[in-house]
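Lettered A, B, C, D and E in written order, each chain numbered from 1.
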Amino acid sequence: MSGSPARAHDAPLLRLVGASFGYGERVVVDGVDLEVRAGESVALLGSNGSGKTTLLRGVLGLAARTGGRVEMGGEPAPSRRSRRRTGYVPQAMTVGGGVPSTVREVVATGRLPLRPWWRPAGRADAAAVRAALEAVDMASHAHEDVTELSGGQQRRVLVARALAAEPELLVLDEPLAGVDAANARLLADALGRLSARGVTLLVVTHEIGPLADVVRRAVVLRQGRVVHDGPLVPELLGAEAVGDADAATGAARLLHDHHVHHHDEDEPSPRGWVDHPDTRPGPGGLAHHPEEHDDERPGAAAAGGQRRG
Amino acid sequence: GGGAAAGTGASAGGAEPALAVAASFYPLQWVTEAVAGDRAAVTSLTAPGVEPHDLELSPREVGAAVDADVLVTLGGFQPAVDAAAAERGEGAVVDVAGAADLEVHPTAAAEDEHAGHTEDEHADATDGHDHAEDDHAHDAEETADAHDAEEHAADDGHDHGLAEDPHFWLDPQRMASVAAAVADGLSAADPDGAATYEENLAAVTADLSALDEEYAAGLATCESRDLVTSHEAFGYLAERYDLVQRGVQGVGGGGSEPTPTRLAEVADFVEQNGVRTIYTETLLDPAVAETVAAETGATTAVLDTLEGLTDASPADDYPGVMRANLEVLRTGQGCS
Amino acid sequence: MGDLTAVLGYDFMVRALVAAVLVGLAAPAVGVFLVQRRLSLVGDGIGHVALTGVALGLLTGQAPVGVALVVTVLAAVALELLRRYGRASGDVVLAVMFYGGIAGGVVLVARAGESAATLNTYLFGAITTTTPADLRVFAVLAVVVLAAGLGLGRRLAAVSSDEEHARASGLPVTGLNILLTVLTAVTVVLSMRVVGLLLISALMILPVAAAQQLCRSFRATTAAAMALGVLTSLLGVLTSYYADTPSGGTIVLYLIALFVVAAGGSAVLRALRHRAARGRSAHGAPVAPTGPRPVTPRTAPVADGDAQTASSGPGTSR
Amino acid sequence: MGDLTAVLGYDFMVRALVAAVLVGLAAPAVGVFLVQRRLSLVGDGIGHVALTGVALGLLTGQAPVGVALVVTVLAAVALELLRRYGRASGDVVLAVMFYGGIAGGVVLVARAGESAATLNTYLFGAITTTTPADLRVFAVLAVVVLAAGLGLGRRLAAVSSDEEHARASGLPVTGLNILLTVLTAVTVVLSMRVVGLLLISALMILPVAAAQQLCRSFRATTAAAMALGVLTSLLGVLTSYYADTPSGGTIVLYLIALFVVAAGGSAVLRALRHRAARGRSAHGAPVAPTGPRPVTPRTAPVADGDAQTASSGPGTSR
Amino acid sequence: MSGSPARAHDAPLLRLVGASFGYGERVVVDGVDLEVRAGESVALLGSNGSGKTTLLRGVLGLAARTGGRVEMGGEPAPSRRSRRRTGYVPQAMTVGGGVPSTVREVVATGRLPLRPWWRPAGRADAAAVRAALEAVDMASHAHEDVTELSGGQQRRVLVARALAAEPELLVLDEPLAGVDAANARLLADALGRLSARGVTLLVVTHEIGPLADVVRRAVVLRQGRVVHDGPLVPELLGAEAVGDADAATGAARLLHDHHVHHHDEDEPSPRGWVDHPDTRPGPGGLAHHPEEHDDERPGAAAAGGQRRG
């Protein structure tokens, strides 16, 4: 494990040993070994369908474990205790139901596991909810019906709900999708501060950009296996890293079918991504990483879409 | 209801019966057995304890009804049986509706502002409410009400406000004419046995007139002539012995439950007329009658409508139950 | 089989079996769209509204079945509108229709006095009482429903699974919804008098629920549901003859047993399929989705979810 | 008011009014979670299963209410498990329970012979027949339900609106689901014998459906639903006395009228609120969400939607 | 209208004249004038909640029009005809229902409006579906149940469904969210080819990056009004351009509450955005547009947390 935790601790907060997760008979995540130390910030990368969401859900006990072990703070997980120490932002908007609920009510549900059932919400709960709402800049919408918010606003509500629980480990599944750039930066900054305070982060994302300053280590999944685990080096930001073989193949077919070459790129070399290690964005920081562009190059797929780490 | 062969007749033990007869529900089964004696094997299409209104026949039972040499039925009472009868082609069907001399019974309630309440409603008020309140309770129960429907259909052309009361069997005299009709029907189907049927009929008629006399004598002098029942099944009986039936349920309750107004009226009626007893039935929920009783301080007693025999019935045959009912009535009405 | 001859010796049994085939074919063909819309109990709800319609018909001296059809169709259209414009979700609107139908029936019946008694005839029935005239009605119904299913099935499925997109893409959503609603109402109202509301509404849903466990495509589910509908109806009628039980209830219990078996069996089936797929797949990587769904509550998405998609589309040039 | 004295002169009316208050309070307090889960008809479904339970109790000579409770709770737990592990959505599972309950009841009834008649006693009732003993049961029920609602309401709401997240965050989801199910079963089974299945299941849902039109928060919806439940129950009982109609049906019709008025009125109300909000807002920019929902079909999201969110969270330091 | 259509045509394909859309009484999009010519590619930008989705839905008749006009090809829209000429990729996964549907079945629904109801799917339909599936690289998943796909795969299915209709106007609401980088590029390329063939594109996105080569013109919404309509100049790519004021305010409050200064920003001035008219992003391009930030500031938005770009 080559992570570079923001704070070094001895025992890993989260440890997966040969862990497999899946749905029914299907194994989606296959024998993953992973250690995340307290205070670390880890990005989980991989192409669509590579098993990122399944891995997160498996750690939380939402997808079935079909093999291996998961531990949190040295104890077997998921347990009720491990779940309470974890905040989760799901990939899809899952809040719904027949009865209207306000943004505040939804965020307040994040506090529920922290207090015994007979105790009503106290001042600390109210403060945490307020702080979480402000962190995602939704305080002014606190009393609106969540179902009447825009897509990006809903995403932010989900993040706030996780934040309200003041977790030790924060697990975010594509937290930046659909969030506008200003809020993306705001959220990234907030994550940065959390990390600085010792909160451990595990973030699935396809847009590493705004998080580049927060995340120090990247784990890349391909077809349910870890194919890279190490520092978030520039090359990982390239598309190749997170593209999958299928995509590349598809692109090839596409190009072939239509006899059209990609207008602004050379015909990719079979191992394209390897050829462009220098494309890492400079201090400009917000520029789009050119490497983002090369991954579905056909041959690249063949090369396995693997990248150096 | 299940138990196609439920009510095998008393005749089964003797010589091989000449006829297989299906009777649609208990009083008809009893009268048919009494008339047929050993010459026929009688089965009831309604299992004991099942409200005949509720009757849905299983295919086997339909088969039994279709295959029987004679089918004895009250036309319009049970649509499932009527459907089976239609299935029989020219097979003999004894429909006792004519002999029973069915009438429309405007009850006490129908005479006041609640016109439209008739005998027929008892079915809605009691069984009907399951459908209305919950149509799912059905299959078994729902057909229940269908009897009223068919009854009504048979009656079409009449004023829609009125329909016939099927409960003829609670009147021994009507029961006697039905016995005669059954004897005729059996003789037609089995001319060889005509003499036997004639003999048995005489015995049955004698029994029934004895019963009639007991009723007439027993109910001659009573403190109260107001008969407050939960289900208006006793119209013929009341009429015969000069009582006035007043049903707790059924007034305006077409489907579900009595209206509070009706409950209040019955309660007032009970109090004003010093009625001491409110009759509930073996096959029906006593809650409504009990509410009125609790309201007025009256007591409740159980009458058996004889729509089906059950373990809870006070005796095991028609005359026995009728006599038990008489005792209950004499106590309840304060007869000397 | 000697026994089967005995069964077929009764005309009423023959008619019951034919009715079983026709209704068992038509009902799931409508029901699959109701399941797709997650309004599985709408048939039952329509049955309850029909109660009010029949009562109205009796009160006003009109043909009860006609009035019931009109009332149910109107109620169903009102449901559509409420669902579309109201703040209430489908299940709530269905509940309103449900309870409104019964309560309306109850109160009308109370007002109607004795004509009310006739009401239940229109709501309940037994498949063994099917008449030749009923059979003709069922035959027409089956033809109409199957024709609609064949001709418009894909459109109905599209509208049922993603109404918003169907509307955006120019399909006549309102018309299709109303068509589906009318088909449902007609199926329920025409059938229930003969076979009973329990049976007709269960036959619309349960074969689909069972088929769903075994199939992965809409088309296969529909076909399987129709086959299962016919099969269980026939079996149910025959069993009820031999076991001496009510036919409607027996058919429904068969359907439920089927569902339970299918739900249990699908795990096994999916495992086998998975192994097969793995065999085919070059990489040995999992290909077929298998196993039970995750615990996702499957609640409705909020008005706007939130996501972006990579889009590309060379195949679509014109 | 002279009239009101007359009404109160009858003990049964007084008891009916007290029962109306207790049931009108307790039923929506459970129902709001059912609406939240989009299983509005579950109360009705449980009632149907209770039929089977009662029939079983009668057959085996056990206390029917006890057996009905056990059977409904078992069925409801089975429903939970199917919903969670099966490929079927909630409405389908509900339909299975629904039809299974009736068919089981029907077939058992046919088998049960004579005890069958007693069955209806346990399923149907009239609020005017409430006995003092019933009132005590209702009072206990109301206290239990309200206590659960107050103590666990937020947890139940959380589980009902986002089961997945509730599970992930360490709430005892299965326990809470079972609790809700048991509460529902107890409420339905205990009440329906006295007040009827129609009334109890409608009282669980319709006040919530009406309140939903007017409120924007879960808490306000719950409070309003309970108030509306009590109000319409009282009004319904009184009206049924004066108008000579069945009480249960009258209450339900009131509830439906209320829903329709609320659905219509909410547009107006939202307009007013909007104007008010606009007044408060410095910029005059729209603040309150208003108007009917868009046509979004509100279907369930697929297992994984697809989106990413900007995340940030300073407030959550520990 | 300063668009730079890929191909010039005379009549605009889509024209909004003072168009307002909303939900019930609420006007979300307020008096928008917009012309999109055939063959143009337009990005619709704006912060979360600014009304982008509502505008698209309004054009398609999915959100109520409360004022103004919408025309397509000179005819009033939305009409059935205009809808058939338009392909729509919604922001959220909307496909669902109780019965399983395969990916192929879902994509095939895109073809339905193109043929009369009595005609079964023909060879052209099958070919279009296949091509659409390949364009999003989902052909290998054609027979899987859509609900069992990963999030990004589901998004791609929605895109394929729109493509299958071979529309003249393609309206995409955040088509890149949750799609891996390789597929994002693949899709962008495909859009580019469509555009080259004359298909008109209207794309809502927060991630202009992969589309930068395809889109030539940007329309920016703020609080339901158009605040920019012109070439997609570099500055628009900055977060500020699409961020909203709430975000800034939230950040300020946040910073305040926690006595932590944003590590890379100054404490906002009370009237931050007003004070920095110059903060309009220069060619640096990535700066945030400060003006976007002022609107919902609470007390002035109370001096809200504005930050410079």
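Here, contacts are C-beta pairs under 8 Å (C-beta built on N, C-alpha and C of every residue); 3 or more make two chains touch, one makes a residue touch a chain.
Computed from a predicted model, the values in this text were never measured in an experiment.
Enquirer: Going by the contact rule set out at the top, which chains touch both chain B and chain E?
Expert: In this structure, the chains that contact chain E and also chain B are C, D.
Enquirer: Using only Cα atoms to place each chain's centre, name the chain farthest from chain A.
Expert: B
Enquirer: On a CA-centroid basis, which chain has its centre farthest from chain E's?
Expert: In terms of C-alpha centroids, the chain at the greatest distance from chain E is B.
Enquirer: Write down the chain pair with more C-beta contact pairs when B-C is set against A-D.
Expert: A-D
Enquirer: What is the distance in Å between the mean C-alpha positions of chain C and chain E?
Expert: Each chain's C-alpha centroid was found; their separation is 38 Å.
Enquirer: So which bits of chain A are touching at least two other chains?
Expert: 23, 53, 62, 91-98, 100, 131, 134-136, 147-152, 155-156, 174, 177-180, 183-186, 189-190, 193, 206-207, 254, 257-258, 260
Enquirer: Quick check: what residues of chain B touch more than one other chain, meaning two or more?
Expert: Residue numbers touching two or more other chains: 2, 56, 58, 132-134, 136, 138-140, 252-253, 255-256, 259.
Enquirer: Taking each residue of chain D in turn, which ones touch at least two of the other chains?
Expert: Correct list: 35, 37-38, 40, 44, 87-89, 91-92, 98, 102-103, 106, 110-111, 161-162, 164, 167, 198, 208, 212, 245-246, 248-249, 288-289, 292-309, 312, 314-315, 317.
Enquirer: For each chain, which other chains does it touch, given as pairs?
Expert: A-C, A-D, A-E, B-C, B-D, C-D, C-E, D-E
Enquirer: Hey, which residues of chain E end up touching chain C in the complex?
Expert: For this pair, the touching residues of chain E are 53, 60-62, 80-84, 86-102, 104-106, 108-110, 112-113, 117-118, 121, 127-128, 130-136, 143-145, 147-149, 151-152, 155-156, 158-168, 170, 172-180, 183-191, 193-194, 197, 199, 203, 205-207, 210.
Enquirer: Using the touch rule from the top, collect the residues of chain A that touch chain E in their complex.
Expert: Contact set of chain A toward chain E: 23, 46-50, 53, 91-93, 131, 134-140, 148-153, 156, 174, 177-186, 189-190, 192-193, 206-207, 238-244, 246-251, 253-254, 257-258, 260, 262-264, 284-288, 292-296, 305.
Enquirer: Within their complex, state which residues of chain D touch chain A.
Expert: 32, 35-38, 40, 151-152, 154-155, 157-158, 160-162, 164-172, 208, 212, 215-219, 221-222, 288-289, 293, 298, 301-302, 304-318
Enquirer: Residues of chain C touching chain B in their complex?
Expert: Contact set of chain C toward chain B: 7, 10-13, 16, 44, 47-48, 51, 58, 102, 105-106, 109-121, 123-124, 126, 128-129, 196-198, 237, 240-242, 244-249.
Enquirer: Which residues of chain A touch chain C in the complex?
Expert: Listed in rising order, the residues of chain A that touch chain C are 22-28, 57, 62-64, 92-98, 100, 146-152, 154-155, 177-178, 223-224, 254, 257-258, 260.
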